[in-house]
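You will see chain A twice below: alongside chain B first, and alongside chain C after that.
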Partner chain A sequence: MGNPAPPYDVVGKSVPQLAAREKAAGLTRFVTDLSLPRMLHGRVLRSPHPHARILHIDTRKAKALPGVKAVATWEDTPKIKFGPRSEDWTIFASDKARFHGDEVAAVAAVDPDTAEEALDLIRVDYEVCPHVVSPLAAIAPGAPLVHEESPGNVAAEFNISAGNIDQGFDRAFAVYEDSYYTSQVYQAYMEPMSVIAETDLSGRLTLYTGTQIPNMMRMTYAKALGIPPEDIRIVVPEYGGAFGGKMENNIHLVAAVLAKKAGLPVKLTYTRHEDFLAGNPRVPMHIDIRLGATREGILTAKDVRVVGGAGARLVYSQVIVSTACYRVDSLYRFKNVRARGITAYTNTVPTACYRGFGNSQSTFVLESAMDELALRLNMDPAELRIKNGMGAGETSVHGWKIGSSGLKECVEKATDAIGWKEKRKVKQPLKGIGLACCNHVSGNRPFAREFDGGSAMVRVGKDGRVMVFHGESDMGQGQNTTFAQIAAETLGVPLSRVHVAQVDTDVSPFGLGSFATRGTLMGGNGVMAAAKKALAQLAETAGNILCVPPERITCRRDMFYDVDAPDKQLSFGVVASQATIARHGAPVVGTGFYKPPTELPDPETKQGNISPAYPFGCQIAEVDIDPDTGQVTVTRMAAAHDVGRAINPMSVEGQIQGGIAQGLGWTLMEDMHYGQGRLLNADFVDYIVPSAFDMPKIDAILVEPEEPNGPYGAKGIGEPALNPTMAAITNAIHNATGVRITTLPVNPAQLLARMKAAGSPGPELARNQNDRQDTH
Partner chain B sequence: MTLPPLHIIVNGEDHHLMVPANRILLDLIREDLALTGTKEGCGLGKCGACTVLLDGRPVHACLLLAHQADGCRVDTIEGLADPAGTTLHPIQEAFVEKGAIQCGFCTPGMINTAKALLDENPTPTEDDIKLAIAGNLCRCTGYHKIVDAVSACACGSGKGECHG
Partner chain C sequence: MRITPLEYVTADNLSQAVELLDSAGPQAAVLAGGTDLVLNLKKKRACPCILVSLQAIDGIDRICLENGMIRIGAMATHDRLARHPLLREKADILCQAAGLIGSWQIRNAGTIGGNICNASPAGDALPPLLALDAAFVTAGTVGETVISARNFFTGPGQTRLPSGHLLKEIRFPCPPANAAGCYMKLRRRKAVDISIAGVAFQAALNEEGTQVASAGIALGGVAPTPVRVPGAEDLITGRSPKEALENARAIGAACVAAASPIDDLRASADYKRTIVNVFAQRCARHVLTTLKEKGKPQ
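The block that comes next holds the complex of A and B.
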């Protein structure tokens, strides 16, 4: 697979996660497993209404309940408006509750049962207001206003264009146009959100919580609490998954307010039901697309309109909608594109990041449209992709510089692995095969505007133990192990020497965190830079001992040696010990950073290279359709992903398989369903996610074109693993039935009805076959 | 209502405890006995993170009252490795080696379910495995490597780790 690997000792090897044995033994302490002496238990009172004025809150009885140590409402907060990218948040609802689940009050008590009992004693008088759930209804004239100060419920707008869209469509031979909708879906990380908050005598707050963005979160919360960032410490223990969902959330601030009021540590863990009600699920989007190509299949123009539902406040939905407007434009060699995006306030839970960050929504739409174009051009969909796909050395319509691209190889390898050509030729009733491609970023310059790099500290103790400190976040994907592999390779030591410190904002570098598929490249480059610095210091000590200039010293397989006289050797442990002794106990510490060659896009033209590297991928799905129910079964998938270099191939395969599982769930089963403005399926009984039985056999194929900007040639995989799954499956459904799926998730009954209406031969043929079997 | 002391054998150790009638088995395990390896993922018996073995059979600890386990043997993930905790059980080893663990929150429940399956059927097919773990949700791995890990523990899998 890929290019032959250079002779690396640790990089490129499949290894279990550093923490895997502890996790297997049940010894890992997740956030929900932690407790502190005299710790209280918090519970939140939530609005039962999607939209209601809060007339009065009476907490007297709750406060009087024995065991209750603090009751808090908006009145107990600093009353500052804040938000990660906006100023539409408050800690607790103030004048209005804006979604079913909005925080109205909270209690901290000596045990969870007492806290729960106290919630029942809080009396809230509401005046129910008309509500709006659908993003399109929200921006229609006369819709109820979620925030009075945002007319038309328009929370944000984004416009982008490049080239000349009209000329592009004039040149088109085939034009496809349709409207799509993608559902609001829930990340369903297995560990619900949880935090322990405590305040010391000086008022300094510590949060122990699973977060993808410890440092950025700290900035947001400093504003919310009206205290300087240095008065907040965030510690990130092991935590059970996130997939974009664990960023800023009121859970942390509610716990902080309670802890301050009670003067004791407060643990707040969402029940699964609450996590559905008050987490931050995927932004639902309406996307209209018009796509044109020449007779030869060269794309000429793309025009898109996106309306995304923000829910009741902005978390990151406005950035997600803008991403949906244009990220996918760098998948193909577009020349003329235009997109208009509206982020609409709605009376639902605030929506935010979920693996793919808007690009998954628009990849579903674009890759469906590509299939329709291939049909109109009578062209193999795989060929259409290869013909237009971005290659290494090219610059996209928005100025993105593609340093490496394995897109063509991904299409070729995936099609070969699954037998695409043969299977497309021989059409079987109710069986189909479909293909979709994707692109993504490895870091997103406009997201964190001050800088976008990565950094680390590598500490080598007197005992030779190597400790990597970083400020990113391993949410369970295996990032710490990847960093350790990079550090071990750079230092020339076995992986067993290297350990990764828990992220703690008091100690760790200011990392931006884990999002935008940036960890491996940005964080990994930071680790590599820091390890080089530490190595240089150790080489100086080794050189002094061996009487050789340090530049002639290197380390490999745990031994320092003179490159000109390799017999002159010293073990890593001896050098580490001697280096510390020579410094009178000071450890060897290398601090390094990576500054990516990226640009903030021009505010007007949006031109600018936003990421140092761009991963690509191609997935192919095979499906069976049940002729009686319309139920879709994915029977097999091939997934080829361009990851630059897989630092840990087993881990990359796991990312691909896991991404597909989430994409499959979105395509076939997942939808947060509202009735009367209330979330109706807020638990795993009614909100179904894929089980082992829903998963097809997956060929995970690694394509490894060396990425010039990547650590050891690597780029990211987290989000691309999911981006193409939806369209691969729905293109397969189209191949099986002739029905174009424009709404996620697929509704089997509607699919069946549309198959019948379209006179799809599938059901009848299959039924006849079944009838024949029945009569024999 | 005063209930008699509860007698429960957890990971081979006898416990006689005064437990309120409404105590959930999961809370007894996690809070009273501080065995936090057993996880709470949903509280409704739908995710399997709290799976423990009750007299050898996999159950959702979040759906049982502690007193329903009176007189029973309860095995949690902490009891699976050798008592010193240095040698993992072959199923745990397989989960580690096959990359079946990402965030690891589902892992204890998943391993307990796998243990019960392999105890009952040492030579499960891939479908047997998928059926057995269908009630244990994992959101990270897509289940592939979990199925691989359980398969690797089956008798005749060539690994010589016929654990049943």
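The block that comes next holds the complex of A and C.
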């Protein structure tokens, strides 16, 4: 494992998450567990049609139902067009419903059943319009328009190029070209979206909800509701996962409108079915790639076209499509690249962020293409990656400055762990092994344009209790624990002293939130800076007591001492108490921030340095193929990830396991199926996610180069954990069968047909297959 | 989501339950494990006026062997079936199928009687019961009827359960010691999934251990009801396991001929036929190879 750790007491130690005991005991209060006095329950009436003009809505009968306190439609909203990055949202459909599940009306009633009953009493007259689901069909001439004001359904375009693409391909010895498709998949977090909204007498709105971006969301909602941001308070209780899915969503605004109308708190919790219909799943993408390399395997050019499906309004899909166009260009030493991205409106649920943010789609494509090039060059795929991989100190084709890179070490460690060379050499029938790499960011400079760093407050009370306030978001990934470890290490106290406050926009710093794998690095640096400020104040008190200048005071293992005379000691508790007494009760509060050395990309050339650090990774999958059914079993995975220094190795390994589970699900099972424009599998009966039995043994390997910009050398892991999984598995399938998978998820029937067409081993081999299935 | 208000009665014994059903007529529904019914009530796919719970009735979850017949009370849960020592020894095919139903929670609550009366084409317990030549004992106010499993199902959710009757018991002749069975289902993941296509294959040797004396092959999920495949069974009976094994491909083909699958979200009709063919052959190989071993002189 990486460099030998400096003698840290808390950082680098595997500790269970702070909330683990409560969660295991069922005591955690998730959003869905919360209740306020006189709280009403909301339900949403949704469009059954993918595209329909709303002619008339009759809510009279619903309003008359005993127990119903408010019924709302677009007429009850401020009628402002808004959106996080666009102006194509309304609270409730106004003239048209644009997807199956679009919000048409809502009810607040004394209990959920009454609200549900009231929905049945609302009559909506629709005039059904032609619809379009596929992104490619949407941009074809003559397609039905999702928004009349967007001709050709083009919601956004993005173009980027660097170097000279034609010269690059001229220099290529081998060129690979193909078209890929990645499916629309659902985050499948444990807790569906949920919110409680209440408005006080002054009209100030409070939302209790699980959100990744409490502060940024407030800005979007202020616009939607026509009120200033300071009139919105967002409180983030513990919540059950997000994976990118819990950012802006109409659920919060519908609840706000109902709460205002009813004059009472309103809770709105999506059923799982609704969460499928109206959550914000992954952007489906068609990606065409052309990739060239010299005879020696040096990459010369990459040309890409991406068409992503936005669904019926823009959440973040246009930013995700642009990310798919170029983020992966900093994985290898590209010199000539070009990409064109089109974000297309479609009549589906609006798509948005899901772990990987466009980079997972393009990593699947690039890493499939890399294997195809390796094949054409007769080169070991691992060697091709190492040959081109970005190293520490290098600058990428788009100007990204790679401070630390463990890419080469990731490839070496993963290949060693799984016995890559031997297994590639001695090919067994129907077994395959495949490899894929990835790069990512730890923060994204252009995402929120005003700034991209992190901040925190560290409060030390008279009782010596340390409270960390941050404005990011722990969605279950363990961010609070990581922050507590960083604060404890910086202050020199045991972890048990440190607690992390619930995010409350009235109290917490203005954090940007949890996305772009930025929490550990940005938030962690903010916590470290704040803890240092608090420590300095305590050191002053300790110095006064010990009659030593504060510069000579430090704290370790809960004791302040004079560095020149270490037996001059004072306990942390005594110092905290004395500091508060000296200030007549004022707590010690350290406020700190981190300003990353990033550069906003140039609008024209897109040259810049979007993140202070770049994580890398390499995953290797082994698969068994059933020659008669086409079913794929992933039998083992090795996953080596460059995470800088792991603050909490146990937590990092958990992220790797979870990322692989989601990547495996996407590769082999997950797809949102539409028929007649309606989502057909809006439930866990037919939207299949992997079970524990589907998971292979995973060797999670931490590669820990000290990241110069990371807190204690750390960078992020959230998204990279998933990004290489798809191509690792499909490259293994190719190794086993000779079939190149270009569409996610793998369809066993199609794989079977293509295996037969390619003359892969047929049913004769079936005799060796396990005849019996496991009975659980 | 709200269940339409209804009268709920916990029957103390079978005759009380039957009388309640008889007097309420089609307005009554029977609550066994509730894993399907409660969902249907919430979604208003079922709106009975009276719900008769069987959960307090003693003895209707009994599993025993009597006079050469295995008898299974309709209220036996999937989990009990999957683990029951008698069934594991004598009719493992049923344990395999029951163990693949739903999740732990579903198997703890759901019953074999419910699985049968729900009559889903994909019901996991159904093909093994057909293959085992099971019969269903139903109870009404004027007595009992016995209906063979292969005649019981008439369509998705449709059965020949006489109106006012309850399914009381499942019985089938206890397979001899030299029998073997295998159930395989196509699923999209390795646990907690609905059967997309299932093959049940049960066979027994004659006393001498030389020939297959009886065979039951049944399919699930590929027709409106579970179906027996006599055409495939004829390729096995009266032959030595070794001879029967040579017919594996023909067995697969006969099963495909008996299937009438439809295209749906879960798989295409073509793929379901492919799977029936493959699983029928795999079941045949597994069962006949086991029988070959069993038939060898000790």
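Structural remarks
The criterion applied here is as follows: the second predicted complex is superposed on the first by the 760 of 776 C-alpha atoms of A that agree within 3 Å, B and C clash if a C-alpha of one lies under 4 Å from a C-alpha of the other, contacts with A are read in each partner's own complex, and residues count from 1 in each chain.
Operating definition for what follows: a residue touches a chain if its C-beta (ideal position, glycine included) is under 8 Å from a C-beta of that chain, and two chains touch if they have at least 3 such contacts.
Because the structure is predicted, anything quoted here is derived from the model rather than measured.
Judged by the touch definition given at the top, the superposed model places A:669 against chain C, while chain B stays out of reach.
Legend: residue contacts after superposition of the two complexes on their common chain; A:628 is shown touching chain C, with no touch to chain B. Contacts of A:693 after superposition on the shared chain: both chain B and chain C are touched.
Touched residues of chain A, counted separately for chain B and chain C, are more numerous for B.
In the superposition on chain A, contact is made by A:749 with chain C only, not with chain B. By the touch criterion defined above, A:37 lies against neither chain B nor chain C after alignment on the C-alpha atoms of chain A. Applying the stated contact rule after C-alpha superposition, one finds that A:685 touches each of chain B and chain C. Legend: residue contacts after superposition of the two complexes on their common chain; A:190 is shown touching chain B, with no touch to chain C. Residues 685, 689-693 of chain A are contacted both by chain B in one complex and by chain C in the other. Taken in their complex, chain A has these residues touching chain B: 14, 16-17, 19-21, 23-30, 32-33, 187-192, 238-241, 243, 271-272, 475-478, 650-651, 653-654, 656-662, 683-685, 689-693, 695, 698.
The part of chain B that touches chain A in the complex is made up of residues 30, 35-44, 46-47, 49, 76-78, 80-81, 85, 88, 92-93, 95-97, 99, 101-108, 111, 129-131, 133-147. Listed in rising order, the residues of chain C touching chain A in the complex are 1-2, 82, 95-96, 99-100, 182, 184-186, 188-194, 265-268, 270-271, 274-275, 278, 281-283, 285-286.
Residues 112-113, 116-117, 628-629, 669, 673, 675, 680-681, 685-686, 688-694, 748-749, 752, 763, 766-767, 769, 771-776 of chain A are the ones that touch chain C when the two sit in their complex.
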